[in-house]
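Shared between the two complexes below is subunit A, which pairs with subunit B and subunit C, respectively.
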Partner chain A sequence: MKLLKTLLKSKKFIIGLCVFLLLLFGSLIFTTISSHDPAEMIGFLYEPPSKEHLLGTDNFGRDVLIELIYGMKTSIYVGLLSGIIATFIGTTIGTTAGYLGKTIDNILNSITNLFLVIPSFVILILLSVSLRSRSLTLLAMIIGITSWPWTARAVRAQTSSLKTREHVNMAKLNGEGYVEIVLKEILPYMLSYIFMVFVLQVASGILSEAGLSMLGLGPSNTISLGKMLSWALLYEAVRTGAWWAFIPPALTIAIITFSLLYMNTGMDEVFNPRLRS
Partner chain B sequence: MKLSNNTRLEVRELTKIFVSGRRKITAVDQVSFEIHEREIVSLVGQSGSGKTTIAHMILNLLKSTSGSIIFDGKDIKDIKKKIYWRNVQGIFQDPFSSFNQFFVVKKVLRDSFKILDKSFNNEEKDKIIIKALESVNIDPGDVLEKYPFELSGGQMQRIMIARIFIIKPKLLIADEPTSMIDSILRANILKLFEKLREKQGTSIMFITHDIGLAYYVSDRIFIMHRGKIVEAGSAEQVIMNPNHTYTKGLIEDVPTLHKEWILTKRS
Partner chain C sequence: MNRYLKYLTGKLKWYILTFFIAVFLNFFLPRFIPGNPVSALVAQMAGGGASSDVLDKLYNSYIQEFGLDKPWYTQFINYVLKVFHGDLGISFSLYPTKVNTILSHALPWTIALQAPAILIGWIIGNLLGALAAYKKGKFDSAFFPLALFINSIPYYCLAIILLYLFGVLLDVFPIGGGYSMQLIPSFSITFLIDALKHYLLPFFSLILVTIGGQAIGMREMSIYELNTDYVRYAKLLGISEKKITRYVFKNAMLPQITGLAISLGTMVGGALITEIVFSYPGIGTWLFNGIRQQDYPLIQGGTLVITMAVLLANFLIDIVYGIVDPRIRMAQMEE
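Take a look at the complex of A and B:
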């Protein structure tokens, strides 16, 4: 609670949070109450924006605005889920390696380094290609599983410094075990940091999804912002001058990521007093 | 104070070598001593002499490189950690980092019941906590609902001692408990140690860099220099008739009132 209170003092954090929540709840509310089917073809190919279709139609004659709202929901879902997975794996591996040290640290460290040097986007592409059907959740899991190493590294470093504090020794003298000490004595001290990392992971998850979908490896049977870009690319929206087919999704991706990164900057300024001017 | 001759803790040729890359640092070098029941001993030495390393090894927070620690006739390697910590407890130098800053004092003190054999409900715990706080001259109403950062260093260190009144260990390792507290409160803390011994028969190992304080409180004094105990004996004997040059230097460096303070040169 105290954490939230300090954060709400930062303008940057509030602006970022508001934009993100607006987009998230906007898309959630619209998709639950609206009776539109985003896949319904309501016009001809690449109709320019008009009163009926505020952002025109795409290559299949579908309403771009409705697609955009559904796509936004998909992208945020993938981002949040992959962010949760990556942060969870990273924090678990980081605290275990940092707290237990020695052999376990060495083993976990080598695994982390292995994941770091293998370009994760290549793994993402290979995994996506090899799967016959790609659900959203599966895609989010793949993104999460390939993007935890930096978190693990940073958390490990913080844990190995925090574990030498005297309140950790006190907890040991109280007979507390490893899990209890990590949860009670170490994690709370890193909470602000982990929250920051999570926000960054969500942003990078959204970008990864967009990248994959753009390459045609996106989720099957759903609309996402990346898939809209991919269709625009395939059906030559750029050459035919149908800007409404690719600028809105690209801009939306940019706005979502921007709101998250702005939140992160705001948090950084709150938690890192040296940045405060 | 009449001392019993029963040995509570025996340390035999304890050594700790820290290895970092190719460098080896011998922090504690073949140290042997024993602590008797109801005895207060002081381990005196300057920063880096290995005092805290010894404390951590005796508290079983750090493994020794060689040598053994015998508690009540048993090697501590053969004693379950939980049972050992029921009998041997510690207080650390920095009261500000000894507390988890996310919990109020009440929770911190309630947590210390975990090491005990019996289980208590919260009401019973609170009764014992209030009694313990009163024994260290703190008004429970003042601190129980407060976060550590709302308290002074002296208050926090006394709360740490209240924790010892709750756990009632047989041996207390107090690692520089007074170094971050102003001088008036220091005497207070030392009196509490004497009270612990009188009321609960606790043996206490008081670790300090201040030989004056050590003389004030202890039955015996061990002088530590560069990982070795260079002099040991009763407080009187060590202060009045020091043998080792390092001890002589230490004693001469104690500032006294109405006297010019000249620092001796020593390594």
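Take a look at the complex of A and C:
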């Protein structure tokens, strides 16, 4: 609660949050009340924007605007789910390694370093290639399980410095166990940091989905912003000048990630006052 | 020197282990694909009207090459041995071209595109970031949101937008490829000029993003340094502004140099999608082709090259850091 109050002081955070929530709820509300089928072919290939179809049609003759709204929903869904998974794994491994130390720390730290060096996008490509059918949730899960190492490393460092504090020692004397101490005495002190990491993970999850889609490894049977871009590139939208097929999804991805990064910058300034020049 | 050697061998052991795990992942993951990839591929080729004689030959050569009848650990050992001999197998889609041949033709394009964009972008970005931190005021408040916006546009979205603006709308640059189709790569003037025309657009899309990212990092580091106690103390002592700024930016540069080394390492895999957008003949485009045609040897070869570049760069950073900064050496020894 106190955290939220501090955050609301930052103009950047509020602007970023508002834009993100607007896009999220806008696409959620539209897709629940609308009777449009985004996959329905309502016209010919690459019809320019008109009154009926504000952003024209794509290579399959589908309404770009409706696709865009559905794509926004799937992209944000992938981002949020992968962000939650990555933050959860990273925080769990980081606190465990940092708090328990010794052998467990050695093992976990080696694993973390290993996955920091082997490029996660490569593992992502290899995993996606080996899956014949990729549902949205599955895709979000593999993005999540390949992008936790940075979080783990940073959380580990913070945990090992926090665990030497007085109140942690008090809890230990009270006979509290490791899980209890981590949850009650250590995590609350890094909450602001973990939230910042989560926001960044959401942004990078959205980018990973779009990147994978453009490599031809996107979710099966779904529309996402990345898949719209990949269709536009494959079916020569650029060459034929059908800008409405690729500029809107590219800008939408840019706006979503910008809103998240702007939130992050705002939080950074609130939590690290030195940056407020 | 003895200590350094110990540090180095420790590092080397670790990197060899990491390399094996990377090779293992590279080998193992594509094997989860349900069904026999070879028969699927051969069936796919039959649709193309190839004669059954050729198909049989193809099937047998693939089965033999992968030793698919052997247990997986034998297959893995064979794969590792081949990798160590620098043999990445034969491409499915461009049979009988070797994956080595394809990738060694693609790699120079990727490096020629990425290395200058990273280096020049790094220099310009750092200068601008330092300037914004130093000047503050109007320059900073105009510059920072712009850099943040450019930095948060995914590099491939920026590439697509630039491609449309300058390639289609204004029609000043060609919209794809590394050179014109009718030319044969050579070191003639005509070819170089043509290649340069194809080069500029992807180059600009990459350098803009690098400048944005570096400038933000440098601005942040510089502001942090400018507010430290040693700067306040130096100001109180009346040390000249010029001298202080020199110290400040020297300190702020340190993490930026690590950043440069890391981006040079991720160079090979860093612009995969830019290459796809511009159909630039580098690793990314070939990886994309491999994925579209389910050419597993080509995919595995591509990902392995990307991984090896990153491992190599990290190892080099560790070697240099060990020499430059004894503290790092000590810290590593304790772990």
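By our rule, the second predicted complex is superposed on the first by the 276 of 277 C-alpha atoms of A that agree within 3 Å, B and C clash if a C-alpha of one lies under 4 Å from a C-alpha of the other, contacts with A are read in each partner's own complex, and residues count from 1 in each chain.
Please note the rule applied: contacts are C-beta pairs under 8 Å (C-beta built on N, C-alpha and C of every residue); 3 or more make two chains touch, one makes a residue touch a chain.
None of these values were measured; they are calculated from a predicted model.
Peer 1: With the two structures laid over each other on chain A, which partner does A:Glu176 touch: subunit B (first), subunit C (second), both, or neither?
Peer 2: Once the two structures are laid over each other on A, A:Glu176 reaches subunit B alone.
Peer 1: On the A-aligned overlay, A:Tyr193 touches which partner chain: subunit B = first, subunit C = second, or both, or neither?
Peer 2: Neither partner.
Peer 1: Based on the superposed arrangement, let me know which partner A:Leu131 touches: subunit B (first), subunit C (second), both, or neither?
Peer 2: Once the two structures are laid over each other on A, A:Leu131 reaches subunit C alone.
Peer 1: If we overlay the two complexes on their shared chain A, which of subunit B and subunit C does A:Lys184 touch? Say first, second, both or neither.
Peer 2: first
Peer 1: Quick check for you: in the superposed arrangement, does A:Phe13 touch first (subunit B), second (subunit C), both or neither?
Peer 2: Neither partner.
Peer 1: Could you tell me if A:Glu166 is touching subunit B, subunit C, both of them or neither one (first, second, both, neither)?
Peer 2: first
Peer 1: May I ask you to name which of subunit B and subunit C touches more residues of subunit A?
Peer 2: C
Peer 1: Return the residues of subunit A at which the contacts from subunit B and from subunit C coincide.
Peer 2: No residue sits in both footprints.
Peer 1: Sort out for me which residues of subunit C touch subunit A in the complex.
Peer 2: Per the stated touch rule, the residues are 14, 18, 21-22, 25-26, 29-34, 133, 136, 140, 148-149, 151-154, 156-158, 160-161, 163-164, 167-169, 175, 220, 223-224, 226-227, 266, 269, 272-273, 276-277, 287-288, 291-292, 296, 299-300, 303, 306-307, 310-311, 314, 335.
Peer 1: Can you tell me which positions in subunit B touch subunit A when the two form their complex?
Peer 2: 56, 59, 61, 81-82, 85, 89-90, 92-94, 97-102, 111-112, 114-115
Peer 1: Please output the residues of subunit A touching subunit B within their complex, sorted ascending.
Peer 2: Listed in rising order, the residues are 165-167, 169-176, 184-185, 188-189.
Peer 1: With touch defined as at the start, can you tell me which subunit A residues reach subunit C in the complex?
Peer 2: The contact residues of subunit A facing subunit C are 106, 109, 113-114, 117-119, 121-123, 125-127, 129-132, 203, 207, 210-211, 214-217, 229, 233, 238-239, 241, 243, 246-247, 250-251, 253-254, 257-258, 260-262, 265, 274-275, 277.
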